């Protein structure tokens, strides 16, 4: 029987073994039908290979989520993050703690996508919300959480100043995610992106606008347990 | 005798009376010869009219400064700010205090242009240098100066985050000047400009990149004595 | 009982005391449910603290307005400005007058947002509509209103020339708001923004595209009563 | 003998007959040697053909001018406009008057290039300098000149608002030339270009930044004598 | 009774007398209700003043058209051009002929808006469709129409090359209208706009993207009867 | 009877004879009615002229497809590629093989449009899907297919790195199609476009974003049989 | 002895064998010293390997050329193209003819770089200069040369319309090179680049601005002899 | 005696204690005199405090280097990296290895700045040069070096594809530095920046264009010894 994914997708199941982190499924520009087929393939592959890593489905529309649940009814779903994970249970955390900080309530979808990605890649995670620099005391009151993190993810739209401010306060690396929150001359996240690229405090690595998945992945790599004794 | 400025410039001497603030001479795209002729005209007009307001010459190259000094040997000159003023004596200060804050040493030319403009338009001025957000304690240590100002001018390049941070700390208006300090994705001040336009703290009015003169002028207007009893 | 806003928002109730102006609620990228929860929190806080300042809800969709009215049935609502205020009664005006001028009928939503913000922050306000520079006599006929203002807010889309023209006519500061009115090479307000940044008349502070709230806030600060005798 | 221009240029001598206006020589990106060769070719062609139209050399550097003068010692040269014309005598003017208006002294090179182009293509020309909108009375005082023109060329940098203002005052067409005068967010004339493209007053045709030649050519065509009785 | 347009619009009825061309109503960013009110005002003003010029309503959505027809049932409507005119009868044509040329079928809405604007401002008009440069013979076959025009309006999207080609063929002025036809790197008309600004053939004045009205207005001015004997 | 396409379209039926490749119908910005009329015209012309080349209809919405099928019920339709062809049978392939390679599942619509265009212009075609550079082994495993192609079309969004990588592996020309797949700073395909323009491996020609038709056309020309013996 | 190129360059000598075309040396951002070392390495490698392909040095400043000539005194140098080749003798031409067409004299450096690259990669080449679309007869007079080419390279700055026009005239592929010739809104070649990306005639592949080398390389590949009998 | 740095700089000597990494001196937009004064201050502070961390001076012009050497004659200087360090001895390396990979010879200044920054912040470093994706075997041959690194810094200009390719090969984090190497549509590094932001392989954090210092700093933080046992 011909494979219904032929000429459609060539899944990189090997990536977990090769890079230590499995491939995720970016649903945004796929049809619900394609996502359903890919979910079936992952289900079969987990059965065959006994793989332990959960598969993440990101940027899921409600239609995508329905197609996933039909195939994998016990998947975990986070509506805010537009994310599904299967199997639902994240691995036991290792390495250092990933702290996700976001400037405003509107940055939550990106922040939660970052947090869940890090968690499903095996890190302990923590979330701090709505600590934009317009009220500086809010982030200054979180010094303890900042100091105990192995990496901080900063999600901010508008002028994205929170990334510079946080990087000036901590010794660990900062992963900065510009978000498309804002209007007018925020140009859908471009202002925050440029701001973060030009952060006057060193120690900031920037990912794409609204790329919570990429931020969570990079943070999980940074906070991973050392492979070698030091 | 034909006027040598005919077909070259039509000076708006009337602006001081009309707007309360005199016209300045932007030298940047004029020849040294044109600037010299304009300086002579101002000299003559002060003599005729008894005008008191000093004339400012901004964005002066060394050639421009030489042409000005030749005509007005007692002009005040600030090399860092690339600015000349004649007569050299600023008016006695009235209204509220203008505080100029800049993020780094490299922002000094713009900061001093802003400061001198406000001073020559009749305000008391103060300067705080090198208080970028990478070391947040530096600006937090200046709370007294911030609180006593009637308006704060913030000059910053790179990501321009200082404008948001200052606006979140004060109750008075903030005039934000993006500077072209930076490189790469700062795009000659564009990153700072967009950042300041999107400041998450309200109370920020933005002027053009490196426009110290415009910032100083706007701040002088904001801090002007009230025309009417309140 | 856990707070339903935990992990969602951390309201800066303290801002009124700290900066003299309370935090507003930008609804645009929040869900109606989140806005409803925030409205309840403000209601409770006013009851507890006896705070007098009205809370503003800006960029409200019809869904946002419904959620607000359900919690605060006596809120004031302006459909054009997409704004709600509670308590509905603005403070008695102090300081100088804020004059809002807009170039065309289509700029009204932004102009009214600016006007209401200034009014709810305690200023007397006035509105002049549809005085674009294509018919220059329209703004020239308003010299008296311009002269009696403590600050002028200019809202204009397309080429935004009205900001330069008004700044050349008045001695008070001008707050310029580029609007997204226009098409094609207006690039959703970018043309007006750049135009206002480059105004040949000094005395113009620019805020973000369509940022009526920011303009009204800045103008209210500029026109505030002096804290000290002069 | 091989033609030294072979593989370098193919001059469109026929354009005068075909379009009614001869081809000009844009020197800016040619070497001085190439310009000298082209000048010789024009000299020969005038001798052969008895052509009457002067040839214009535009955007001439001092080196270009020297190369031209060596070949055509009686050429007319305008240093400000960076333009040479040969033969030096413009044609007797026909059609309507071309009025060139510029916002500031720094726009003069572009304004004079426009004016001389129109004059050498056979129009009567007039020049009004330094009438930017920051002092609106300056342009309002020129209503008579504006009313008697068949076309107005407006040269302005910075925010370019003068084009809208002039178009709102006259019934004839306006040719708008954005200039690169300005700094920062003028982006070398882009702000003025966008402003002029979005002029709220209809009747404005825009040419390239600093394109005085193109403006003068278009204006000469607009103001040309009617080919047919009306 | 208070005027329902108070605080909404200030119609420049005087513009016909002042500039020779009446103000049009740009409906795009107005509500249908506002457009209906403005239509009533125009109806009343025509009755009072006996004005002869038709009023144009541009960029009309179906809702706008319904509101106009309700007030002015005998208005002329062109669905393709999204334009209404009242009174429906254009003036008897004077001056020279306006030729509208468009590159493709998809440029028709803009081309017809341009054509009707010129016609309602009193010019004879003609239309040539689908003559893009990919098949150069199509425009070369129209040399007679090109030669008999007093001005040519070129509407083109994508790379907008037709403007240069036409300008190289005619002696009259060309008004170029970039259209938003295209995709990808056409950036909604920006590619065509830049192309037209850089036309290697002089004699091209550019208006805003999709600005058929502006092109028709400018062309009508260019082709107007001479006010003075020549 | 008047031609219903008069004033709407002027079809270039001659192009097949002139260029060797017939004109296609870009439906995207035409109405379904216009597309139906054009389909009828093509049907009639095939009957009259006995032309053999199939006509392609590209960028078809479902409405466009319905209008085409009503006129040409035996047309071939590819939903993914949004393309119809009539007559349905492609010509017998000549020349070299066209290989279409795409980086991800989401690039399929563009890839299939390219493939079908080449096939209907007379080339043998082959497709390789989902071989993005994140798993480099996927493309390296396809060396045989790459080596046997006469031209490779690479479709990729996001950072578009696949074009450089493929060009470094093959000796034949590469046609690169940036796609709008991605989000945030991909700016709807701009990032991939710039990436492909700057490919460090020579041998890459770039077409417009999402322009599968253009890529397929260019590839068919490159892989065409030689007209002359070598 | 340590290799002086260690840590500086790793030359891909294998590329000729792998891709059929050797690696060239882009000098632009290398020091003259580095270029000299690389030239020595190529000299040694030719001696060792008996390689026949000439090495091209592109974007050479006068300093680069001096360093090359010192090592390879018999290299061929083209000052206009800023290119050196060693050994100086190009291979005997095979495949089809490459025709290079440029719009103006100022495009010559890019055009000659393209031509010489194709010639040194083994193609017969021809050059047509100064045939911009402002005088359309110039390119129409070259139909024979266009028809006999296997590929046409079009070099054009400003609005780049020549690419569309040529592609509409020929059946072979067109390689389009935008040049940075122009000023103002040409944005250093961006206008021509966008224009060429949006060419309404299919069959155009675009390379980077001023990338004569890349165009010549791609054209040489397109015009290469077929590897297989057809 | 007044401090000559008053009103010029406020050095954040405390940063080493606060963040674990000392402040560096960005010389690019400072005068040589200012840099000399700052060097003296650092010298004095090392003497007073017994601080061990070397101070880095980045983006040094020859003038800056002279001013530094005059004050600190035993400083280490790297001409290629435009960097000085004092004291010259880097700390004994701890943590994991930082591998710097660059695509071409022209990226060396940025690559060496990154490498030296990591080394002076206490990491073991390694360098791989000229392994661009046009010859993919070059990077594939370095798998061992890639696998043994704790973090990889990728420096690449042009299309920046190397970042994606490397991230797809390794399990450790990648710090990507776009460089301004390239021309035309590379837009001084913008193409590489966008490419790296959109890398299809997760695990990439991007810093500013040419920001070798920032990359080296971030990498040093990522590769730092764990503060806590795991």
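For clarity, chains are labelled A, B, C, D, E, F, G and H in written order, and residue numbers in each chain start from 1.
Quick note on the criterion: a residue touches a chain if its C-beta (ideal position, glycine included) is under 8 Å from a C-beta of that chain, and two chains touch if they have at least 3 such contacts.
As the structure is a prediction and not an experimental result, all values here were calculated from the model.
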**Fill in**
Neighbour overlap between chain E and chain G returns D, F
**Asked** Using CA atom averages as chain centres, what separation in Å is found between chain C and chain H?
**Response** 44
**Prompt:** Which integer distance in Å separates the CA centroid of chain A from that of chain C?
**Reply:** 36
**Request:** Could you list the positions in chain D whose residues touch two or more of the other chains?
**Result:** 104, 134-135, 168-169, 184-186, 190, 193, 197-198, 208-209
**Pairwise chain contacts under the document criterion** = A-B, A-C, A-F, A-H, B-C, B-D, B-H, C-D, C-E, D-E, D-G, E-F, E-G, F-G, F-H, G-H
**Prompt:** Hey, which residues of chain D end up touching chain B in the complex?
**Reply:** 104-106, 108, 127, 129-131, 134-135, 137-138, 181, 183-186
**Request:** Note which residues of chain C are touching chain D in the complex, please.
**Result:** 103-104, 132-136, 140, 158-161, 164-165, 167-169, 182, 184-187, 190-192, 194-201
**Footprint of chain E on chain F - complex, ascending** = 7-12, 14-15, 18, 23, 26, 28-30, 34, 59, 178, 180, 188-190, 193, 208-211
**Request:** Quick one: which bits of chain E touch chain D in the complex? Just the residue numbers, please.
**Result:** 19-21, 24, 94-96, 150, 168-173, 175, 193, 197-198, 202-209, 213-214, 217-218, 221-222, 225-226, 228, 230
